[in-house]
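Per-chain residue numbering starts at 1, and chain names A, B and C are given in the order in which the chains are listed.
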Amino acid sequence: MIDLVGYGAFFLTTALIFSLVTLGLNLQWGLTGLFNVGLAGFVAIGAYTSALLTTPDDPAGLGGLGLPILVGWLGAMLVGGVAAALTGIATLRLRSDYLAITTFGVAVVVQLVALNAQKLTGGPFGIGFIPRPFGGLAETPLLFNLSNLAIVSAVTLAAYLALEHLTRSPWGRVLKALREDERAAISLGKSARFYRVQAFAVGGAIMALAGALQAHFIGFIAPDNYLSILTFQVWVMLIVGGSGSNAGAIAGSVLVWAIWAGSGTLTSVLFAPEQQARAASLQIVAIGVMLCVILLVRPNGLFGERPRRARFGKLTKSTASESGS
Amino acid sequence: MSLQFVVDGLLTGSMIGLGAIGVTLTYSILRFSNFAHGDFMAWGTYATLTVVGAIAAMFGKVAPIAPLSFGWPLIVALVVGAAFTALLALLLDKVLFSRLRKQEQAIIAVMGSFGASMALRSLLEFIFTSRPTYFSRAIQIAMPVGFGIRITPDQIALLILTAALVLAVHLLTTRTQTGRSMQAMSQNPALARIAGIDVASVVRVTWVIGAALACVAGVMIGVLVQIRPLMGFDMLLPMFAAAILGGIGSIPGAVLGGLIIGLAEAGAVQLIGAEWRAAVSFIILMAVLIVRPIGLFGVRER
Amino acid sequence: MNETVLVVSDLEAGYEPGVPIVRGASITVNKGEIVVVLGPNGAGKSSLIKAVAGLVPISRGKVLLDGQDITAAPAHIMIRLGLAFVPQTENVFPRMSVEDNLKVACGILERRLAPARIEEMYAAFPDLLRQRRTRAGNLSGGQRQMLAVARALIVHPKVLVLDEPSAGLSPKFVSMVFEMLSDIRKSGVTILLVEQNAKAALAIGDRAYVLVEGKERHEAAASTLWDDPVIAELYLGQRPLRKDSARHTETGGAA
């Protein structure tokens, strides 16, 4: 029973960290319509930044400033936000596909740095001994897990409330308007782009914070944690929850993580150890197909905003020219 | 610095360029960035490998065409593999992309392609596992051709094949009615319909060309490097960078972009080290987006 | 002589279901005629001919071409059925040469016929011959309109449908375009056009319809329409067409 509660706490902590990433993505995509296929890169930036700031001094590497955890988290948000802002500034004046390709590139490069800048990132082995909040409780896993859950819940709740507030603020309404009406966005030009860069940066900062939280919760990080599969999982979470809704983002994350963890447990029970890698890839296939099906059937997600009326670019354009005839 | 990087760069550039043709066509005619394009590459390669295996099972061991490392089975298998890849692309378009393209936001199709990419790649891992494999384990002797450059017969053959394919595709798109219809579709889809162009058939041709070339590029990687389920996904960033560098919609641009990126990568491998290879595409991509987002041969969108 | 080519009956069409812009319009076009559709802003003129050309969804009514039902045929089929449409804007492929623009339009012809047709178009539009290697996007406004019309004519359509061919052109080109249309009609082509420039259109037209709120309100010979007070009221929103025409002043002026 105690085990079950402990596992439940562990599961929820992970799911809520995912929720935080999804919330960041929801700000970028759901609210602002910016497509980020490299979010794993921003999560990794946060995790590595915080780890470097907070780990004890290590003679072999460059990091290890031994700063308090809270400083690590703030640093993660700052670096993640700046990285996202730079990405946005470089690409947001172009067609949306270019942002997608660039963020994809960011993830590739972050992965490359994590793997190869051995002095800084520890290379393929990553960084260990990352200080854990309530590390003193590690002897009693249940208490440790519950206290971590409390922290992560508090952070997620704070992020949720802040994002809800932002969504309803004039700032959020501008973002929404820009997403709904591409032409207005273009005619607003520079100022519209500035709004979008802000949204992209805040989203990136939230993702980086999630990366930092996870790093301190687990205690070690490695490049493998931040492959494109992470990006993919979070996208599925957002789409299942329904883009545009912060509550949906959290619900989607918990639901998809439950399915993911559950099917993972199932494969480990059903398949012999040497077959498990293969079974795991089948798991990804299933989720990939699920994403495509949801996009086909309910593009705004299972709990998303009610579908907007289908508008075809060409036709809207012709209507506009009609009114001038 | 040894001039060997020129040969290495041209070969890598050929692979990137052949792949980038598909990316640029999909983007300009179907109007979305297809993140599953790299996986067409991998699927084509595994299909070719499977056919090679089937031929070996039927005919026994076939002697390679001297001095190449492969014999007619690979050539036959490549044709079958390319056809298979084209069918795969058409099938995906039918069940997924054609429907997503009709939706309000074009980016939904990009998202769908991302999901499809993940599923396709993992399916390959499921079927063939992620262990690398090869068409041939024979080691070829590289011939010195002067200036400190060495090249193998396989490499020469593949460079010639690339040049021939690029020329063929260029002629197809500029000199034939099909090609003109493709250009028309990319410049003004509404007018293309009014002018009597059958959009559905142009879409089919676009997929077939892109997928078949992706298969050839994949098999080149398979012959010269190795075959892995991730092989195509790893090519995605260089292919996008090449297509954007060359100017979206331009086939010569995509090939030239591929060669530039291939040469830059090969140069970087010599100067900095192989582990940073993948960063080259990103740096070039960012430079193009900041300095000249329409690329070398590109045109402003309307 | 009054052989009808195009019959549009009780057409209802619009971009969104339940929001018709064209509301039960009926028009006919006889062989060899130029028929002009006029109307105030937002009357649905463009939508009407776009619906006829298969570009706007039709919810009710019929379109017959030479007796054949072509209602809501897809746009790329329309041209094969003999209805050629020239859009108001973006009516050439800007990054293709003039010659390639014509060649691409020949896609629905038998291959061996294409070269002769292209030569015919060059004979009819010598400007295009001189510019055959120029990118269409670099042509002047008038030449671009010429190319757009040549692109439509090259397949010898039964009827040529144009959406505001003079829109956005300088006065010099406006008269050039209308002369061109007049010449085309003389060669036996039937023309249906929507025009904002009523005076110029009526000068070359045989008959005209006035469309108001998505329905035709008036039909008349082009020559008499110009002086009709009802038309002045409908078309120009209660303003007299000509200041010197005293009998109009009582119906208008307020606006």
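FYI, a contact is a pair of C-beta atoms (placed from the backbone, for glycine too) under 8 Å apart; a residue touches a chain by one contact, two chains touch by 3 or more.
Predicted model, so just to flag it, every value in this text is computed and none were measured.
In this assembly, C is the chain whose CA centroid lies farthest from the centroid of chain B. Sorting all chain pairs by how many C-beta pairs they have in contact places A-B at the top. Core chain by CA centroid proximity to the global CA centroid: B. Separating the centre of chain A from that of chain C, both taken as means of CA atoms, is a distance of 53 Å.
Taking the mean of the C-alpha atoms as each chain's centre, chain A and chain B sit 30 Å apart. One finds 45 Å separating the Cα centroids of chain B and chain C. Shared contact sites, meaning residues of chain C that touch two or more other chains, fall at 55.
Annotation for chain B: residues 190 touch two or more other chains.
In the complex of the two chains, the chain B residues touching chain A come out as 27, 32-33, 35, 96, 99-100, 102-108, 110-112, 114-120, 122-123, 125-126, 129-130, 189-190, 233, 236-237, 240-241, 244, 275-276, 278-279, 281-282, 285-286, 289-290, 293, 301. Residues 177, 180-181, 183-184, 187-188, 190-199, 299, 302 of chain B touch chain C in their complex.
On the chain C side of its complex with chain B, the touching residues are 53, 55, 74-76, 78-80, 85, 87, 90-96, 100, 103-108, 111, 151, 155. Residues of chain A that touch chain B in their complex: 33, 35, 37, 90-91, 94-98, 100-102, 104-106, 108-109, 112, 115-116, 228-229, 232, 235-236, 239, 277-278, 281-285, 287-289, 291-292, 295-296, 299, 308, 310-314.
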